[in-house]
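Take a look at this one; I'll ask things after.
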Amino acid sequence: MTSIPDAKAPAGEVVLEAIGLTKHFPVRRKLRDLFSHRHDVVHAVDDVDLTLRRGQVVALVGESGSGKSTIARLLAQLYPRTGGDIQLHGETTKVRGGAAFRRYCSQVQMIFQDPFASLNPTHTIRYHLTRSLKIHGNAGTTAGDLAQALDDLLERVQLTPPERYLDKFPHELSGGQRQRVAIARALGAGPEALLADEPVSMLDVSIRLGVLNLLRDLRDRLDLAILYITHDIASARYFADQTMVMYAGRLVEGGDSETVTQSPAHPYTKLLIHSAPDPDRMIGGSEAEGEDAGNGEPPSLIHPPTGCRFHPRCPVAMERCRTDLPVPLQIGDVPGHWAACWLYDSDDKAEVKQ
Amino acid sequence: ACGDSPNANKNADNSKAADFLSIGMPNGTVTDNNNPFIGTSAGASLGYRWTIYEPLGMWNNVKPADPAKPWLASEIKWADDYKALDVTIRDNATWSDGQKLTAEDVAYTFNLIKSKDALNVFAIPIDQVTVTGNKVTVTFKSSQFTAWHKIISQIPIVPKHLWEKIADPATDPIKEPVGSGPYTLKTFSQQGIVLERRESGYWQEKPAVKELRYTSYTDNNAQTTALATGASEWSFVFIPAYQQTFIAKDPEHFKVWAPGVLGIHGLYINTTRKPFDDPALRNAMNMVINRADIFNQAEAGYFHPELKSVTGLPEGAGDAFVTEAYKGKTLSVDVAGAKTLLTGAGYKLDGDTLKDKSGKPVTLKLSDPAPWSDYQTTLEIIKSNLAEIGIKATVDKPNQNVWDANVQKGDFDAVMRWTNGGSTPFDIYQTVMDGDLMKPIGTPAQQGNFGRFKSPEATAALKAYANATSDADRIPALATIQKIFVEQAPMLPIGSDNVGGAISTKNWIGWPSETDPYAPLQPTQSGALDVIMHLKPATS
Amino acid sequence: MAQPEADKPTKAKRQRFRFISNKKAAAGLIILGIYVVIAIIGPWVAPYDPDARGNDLVQPPSGAHWLGTTHLGQDVFSQLLSGTRSVMFVGFFAGTVATVLSVLIGVTAGYLGGRTDEGLSALSNVFLVIPALPLIIIITSTLESAEDWLIALVIGFTSWSWNARVLRAQTLSLRRRDFVDASRATGEKTWRVIVFELMPNLTAVIASGFVGTVIFAVLSEITLAFIGVTSGTTWNWGTILFWAQGQQALAQEAWWWFIPAGLAIAILGTALSLINFGIDEFVSPRLRSVGKTKIKTVDGRTVRMRIGFTPVLSRSAAPHTHATPTPVIRKEVTQ
Amino acid sequence: MSSTPVLEIRNLNVEYGLGDQAVRAVRDVNLTLHRGEVLGLAGESGSGKSTLAYGMTRLLAPPGVITGGEVIYHPEKGEAYDVLGLSDRHLQAFRWAETAIVFQGAMNSLNPVHKISTQLTDVLRAHRPEMSEAARNARAREMLKLVGIAADRMEAYPHQLSGGMRQRVMIGMALILQPQVVIMDEPTTALDVVMQRQILGQLIELRERLGFSVIFITHDLSLLVEFSNRIAIMYGGRIVEEAAAAAIYKDSLHPYSQGLLGSFPSLRGPRRELTGIPGTPPDLKGMPSGCSFHPRCPKAFEPCSTNIPVLARPDDSPRSVACWLHPVKEPVG
Amino acid sequence: MKYFLQRVAFYLFTAWAAITLNFFIPRMVPGDPVQALITKFQGQLSSKAIESLYVLFGLDKDKSVWQEYLDYWNQLFHGDLGLSFTFFPTPVSEIISSSLPWTLTLVGITTVISFFLGTGLGVLAGWRRGSWADGLLPVTTFLSSVPYFWLGIIAIYLLTGPDSFFPSSGGFGSGLVPAWDQYFIPSAIQHSLLPALTILISSVSGWILSMRNMMVTVSSEDYITVAHAKGLSDRRVALSYAARNALLPNVSGFALSLGFIVGGTLLVEIVFSYPGVGFQLFQALGAQDYPLMQGIFLIITISVLVANLIADVAYLLLDPRTRKEG
């Protein structure tokens, strides 16, 4: 018996969709606020639309604190959302624990950034995987079924032979192996969507690639929909079909990975790509330094800038950016490429040119 | 700048040996309160109230039947029925503020007590107080035969001219006491109270001790240590192994004398609980208790003198009151006799276990608060004594308040407790047997008869004794009382109270002793003043 | 999960009991073990009934009475042996009560957060600042009879707060660790997350809190007994001290009556502290007392390891491992 | 950039612990830092980069011990000397004045309870006792300005600054005594790319102005290639390859360097298929015999498992490699 | 500032809770103060006199608990703690004010000395690990496990006696009256030495241990390495960097452990017959003296709270991170 059903539906079908997803964290109230009626919140995620399709990887890129993890947790229903909708197979879902939550997470599973922290150091690999299988009814009925399912899982994440790993404790494994176990645990639920929150950023350079390649392999074999969260835009290019760029809680650009990374439209994306280490730009050729990169300080999310949140740092900010919230605008070059930037509002373009 | 310090003359004092006497009591902290009527005051707790305020006469607890020694009153006369008292007040007594002490002051004091229940701690039913010249006549609503000593020796006479102005004499702390006694308060601190001698105006020759230093030690241990180091020269405290821990430190000067008085300690048995409602069982228990062991081990061989007479009256103080029938009859350990008695009464000794008439094993819970270590030891001994006749006893150490409440409510099997004391055996027997004091189980009996001993005969005899107008009436009443006490054993007498003390003769001599028992040796008794008056420097 | 697993138990054991290899913990555990054994068999092996009076009053240690006798001729050694049970019982029972409470309150507060957390934290802080011993004395003085289990309950109920606080902090930090969220995301129920995911990681903290409370409870019980709050029927070391003090044992030069019980307490306390050190070092290996700190350099000097100045054992520039100086050449492989 | 050395490390050996339990974290490392250059030190986690950096200034906490080697420092003026042979007092004087260190996490490198100004002037007080209070403050202010922080932040506490600012403070502090050598141990890994570039850019610029040399440690090879002149690659406590940045990037000789380079997806240029390095990093306690990389090396052949290759020049170019694939003409070091 | 206000709010809450607890506990005590008083003196009182005592003590009124609670607060706000039963009719506040200075001085000074001594030794032991300072630990562990009272009694036995410099009990020499003069103060100091030593010996080890552990933990922080790298002197690194930071958790620990210390000193006061509040409390318990018990417990709690607040302020001054504005 195989615990993980292969390919349930044709590739390209929408598995998970976020519409206008918003999350505000309340800020701890201070004593003096007790007397006023102010309620400060952290605008961690504002009005985010995101679609995960079967067999596709969507990358979410952005600097630290831009709200990437929050999106992943919202999608995993680990946080209640402030606004917006999450649709699983086109159906609105709002679960708060209980059986509904379990049903949901049998389809949507999450992988965490830090494999050192996401496995409980007091339990064996066997325990972790068995729980995942049992909760979602994938453990079969007999001990033999379970053993088989465990072996399958470990093989799937290329931890072979399985016996060598099953009874180990997490601390006895290397980082890459741990992350594989974490992936196996997610697979144990037999999900259709995987939310991978910076799954490799804590891993050693030399083993990162192995895990990414494994995920890609799983996407192909199991037709998983994967959300790949990273701050390394180069790996998004390498791994993801689509890339979304996030800045201060909002999506600012999205589209086909190759397009977004090769011809970025939004000034922030440009900055990001410009800043990424580039071996071809050797030390001597520091002419690139001339570009104004803006200051590096991310904005406060409690009182985010009005209009476009990037405008205080944007080298080409216009008056309008200060006041009006930019809407996603189609970029002409490739279908599906968009950016939330007034530069691409056709009227304004004209203005800029004048 | 230090000239005005209250401690400034300390060195001067030390240079001349022995013009002060250090008196200690293990009473914990005291607060600045010198009201002689309030039992919680420092003056009462440490006993120095009697060196400031004086009574009419001195009653010697050690010889309770002796008449009182005139003190403020030069003459004391009781009516035969003890319902009226005539006292003549000395005319040379003065208050320490210089005013003369008159019969008016005495009358005022009696009236004060009469009008204020809170001050009338002995509940003396004063009827009329009249003054004629230097004579005061007080009449009472009932016979005061059993309470005369309280009236004479326990009521401090206070100055009318000052006390009149006090708003509430029952609560006023009297921070600056003015009395007729030979001492006045010099300084007060929680730990030490210093009294200095009045240099003039005292009605008799002034005492030799110039300064009295009272210290309240926090507990017996501290007090004993102080005695052993000589820091305390006079105290009343239980000293375990006193020979070793006290006398041996300075055998030449350290002395202990603990004369028994008419107040005893014994094992109260709850006579409403089966099978202890059976006098035979109680008698059998009485027969196995090893009082000598208790005296030596629990009472360190001195503190509560061993009771010998079957009547429960102590040797010495009680001798005069043992009626004909019991003269010479003494308590002794007789295990075999007890067993015979029990078998005769239908009990069965089954191996180590005594079974009562219904076949149930006899068990007994003895209890007393933990801090009373002599009682605790006593109970331990009683426990092992009782085991010899198959009674399985356990010793409980409830908290004092719980214990207290339980004893009063009658919620106990058996407890060690004291009786009231007085100038006659009446108080002892009343505490044990008086039906008038009895309350139903569950209702607190505050005055006595905690064991709920029911004997109308005894109640009547007690009443007769107290109200009798002549000895001829008293003797048969007392005989009846003693007969019931001995035959029914409502309470098993163990040891007597004492009015003794521990002293050092290093600096002062002239203390009362076995050979010269002129007064009690307890610094808190009113007789303490008499003792102080007797003291002479050891060097002279 | 019914497979026979050959090496799992040993592995698990190795993981769990690793801290016993800590010398301090081992010493502590051995001493504690002895106490526990005495607590169990003490009353039976005691040469005398601790209550039994004898004729030798206040006798110094002898062959018949190893630790001498009391003023009633009771055997001090027997009292000490019999008293162990009550001490251990109160210590462990109070420790258990306090630990259960602190786990319930601390972990709940830490895990649930928000209002619950604020309420529970305030509660434990209140208990934390209110002086415990006076409170215990006051409460026990209200007890009708101060049976061991009652005293233990009172101590347990008043001494959980410190552990609750530590546990809360620990839970908060664990709560932020991904594995908690990961197990939630796997679909675990809340109670399972707390019991199976959080608690195993808290064992060291819980254990150390437990041991700490046991120390506190033992000292409190003995203190209470010393000032006279005990059950009448059982012996404990505090009762021995109570009697010794009441009879002024030291003034009577009866050191054998006073000293051993106090030493017994101190040694038990030390053993428990040692166990706690072991746990601390187990949790945070840095605290482990450094092994060898003095080392010899090549030229024979002794240097001490210390922070900021790494010892240099040798300053010779000769290589340590001998790399082969003449490489083998294999053209085929080199492209 | 000249080819005069400032710091020569000769057969440095560092161990953690003593006796059998010892972990040999740095093994016979030879490395030369030239005046004015940026020397990159790369390698996966645990390869001994930090140990090497701290070892040469004797900053390793117990149980670290230096078991052998020399660290020859060439001051600007005067005789070269061995840092490992300095007395405590001289070492204290040497530190920071000659070599300064910038750590990975600035939050942790700044003492949270002291003001920025205190921590900056601390150094001056220790090394330039003759300076007046005012002069010290002026100097501190100057350094802050140099790294682009407003002087009014002098009185701030570390927690009041953002991560990037703190890291700049650290850089400013490192330069306050104008040292010859600045060691940077993963100075930017905690920052995001935008900030990282800003700070590194600034540092390079300062280096050009002030002329100090930099040892730049990171595991991000692509970053190193961009920012350093020369790169040394460590594996299992040894340096396995050392060459000019461009040479490493374009034509690395050691299979490990190749694997490392192949692990970074590139943002520009064609999308290539990446392989990474198979296997797991070695355990320092049970190092494989011979070349420690051989169990993971796709090109391993028989001498690799038995003989330790020496770091030496395979040809005339100023580069060296320790690999049996590359025959050595003359051993170096 | 915010932090400070939060703490103040917390203290107010705790004070409220303590006062309420304090109100209720004595009401659960079985028994009856009048009887306790009589028993204490093994006295003999007439039932009439007993009645009058009830009236005096204010125990006769049939008030609802709620009403009593309100009255209690009302009294407290007027600084009135009622009249003591045992020392009737002395106001509780008077008794406390005479004994509190003793405790405050003894506990205060010894605690502070113990804290600084322990912290100092802990800094040494933590900084110079592996040196002689490590040998300190087993000894201190043992000493800290010894019950206070046992140590005190042994000290009395060994060190006091007729010719000893150390008095066995009391707070000052008999015959003296508390005053700030050259007779009293030396005597008071002399009397406080043994109790202080007892407290010191059994409490110092806690500080040594926790400080040592904190030092060890802090020693491996990066900023310590940086401080060394900066070429600062070893002393400066140890004190200004390591100890300064290691102190922080200890300061809050210091505050919180005050409650325990007060508990410990209570016993020391009993053993040394020291005229402090601990001994008063002990007596009040025995005598069922609610008002005194309540008053003392309240005072102890409030002192601990105040000390906590002070420690918090100290923490505030020591740790800039808590000073975060906004």
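By written order: A, B, C, D and E. Residues from 1 in each chain.
FYI, a residue touches a chain if its C-beta (ideal position, glycine included) is under 8 Å from a C-beta of that chain, and two chains touch if they have at least 3 such contacts.
A quick note: this is a predicted structure, and the numbers were derived from the prediction, not measured.
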Where subunit B and subunit D overlap in contact partners, by chain label: C, E
Chain whose mean Cα position lies farthest from subunit D: B
Label of the chain whose CA centroid is most distant from the centroid of subunit A: B
Selected interface, A-D versus A-C, where C-beta contact pairs are more numerous: A-D
Rounded Å distance between subunit B and subunit E, as computed from the means of their C-alpha atoms: 39
Averaged-CA centre spacing for the pair subunit C and subunit B, given as whole angstrom: 51
Cα-centroid distance, subunit A relative to subunit B, in whole angstrom: 89
Contacts with 2+ other chains: residues of subunit B: 225, 228, 371, 399, 401-402
Per-residue multi-chain contacts in subunit E, two or more chains: 29-30, 129, 156, 219-220, 225, 228, 234, 270
Multi-partner residues of subunit D (each touching 2 or more other chains): 54, 59, 61-62, 88, 91
For the subunit C and subunit E complex, residues of the former touching the latter: 122, 125-126, 128-139, 141-142, 144, 162, 215, 219, 222-223, 226-227, 241, 245, 250-251, 258-259, 262, 265-270, 272-274, 277, 280, 284, 286-287, 289-290, 293-294, 304-309
Subunit C contact footprint on subunit B (complex, rising order): 220-221, 224-225, 228, 239-241, 244-245, 297, 367, 369-371, 373, 376-377, 380-381, 383-384, 394-399, 401-402
Subunit A contact footprint on subunit C (complex, rising order): 1-3, 5, 7-8, 11-12, 15, 177-179, 181-190, 196-197, 200-201, 203
Subunit E to subunit C touching residues, read off their complex: 10, 13-14, 17-18, 21, 25-26, 28-30, 127-131, 134, 141-142, 144-151, 153-154, 156-157, 213, 216-217, 219-220, 224-225, 228, 234, 237, 256, 258-260, 262-264, 266-267, 270, 278, 281-282, 285, 293, 297, 300-301, 304-305, 308
List of subunit D residues in touch with subunit E within their complex: 54, 57, 59, 61-62, 88, 91-97, 100-101, 103-105, 108-115, 122-123, 126-127, 157, 159-160, 173
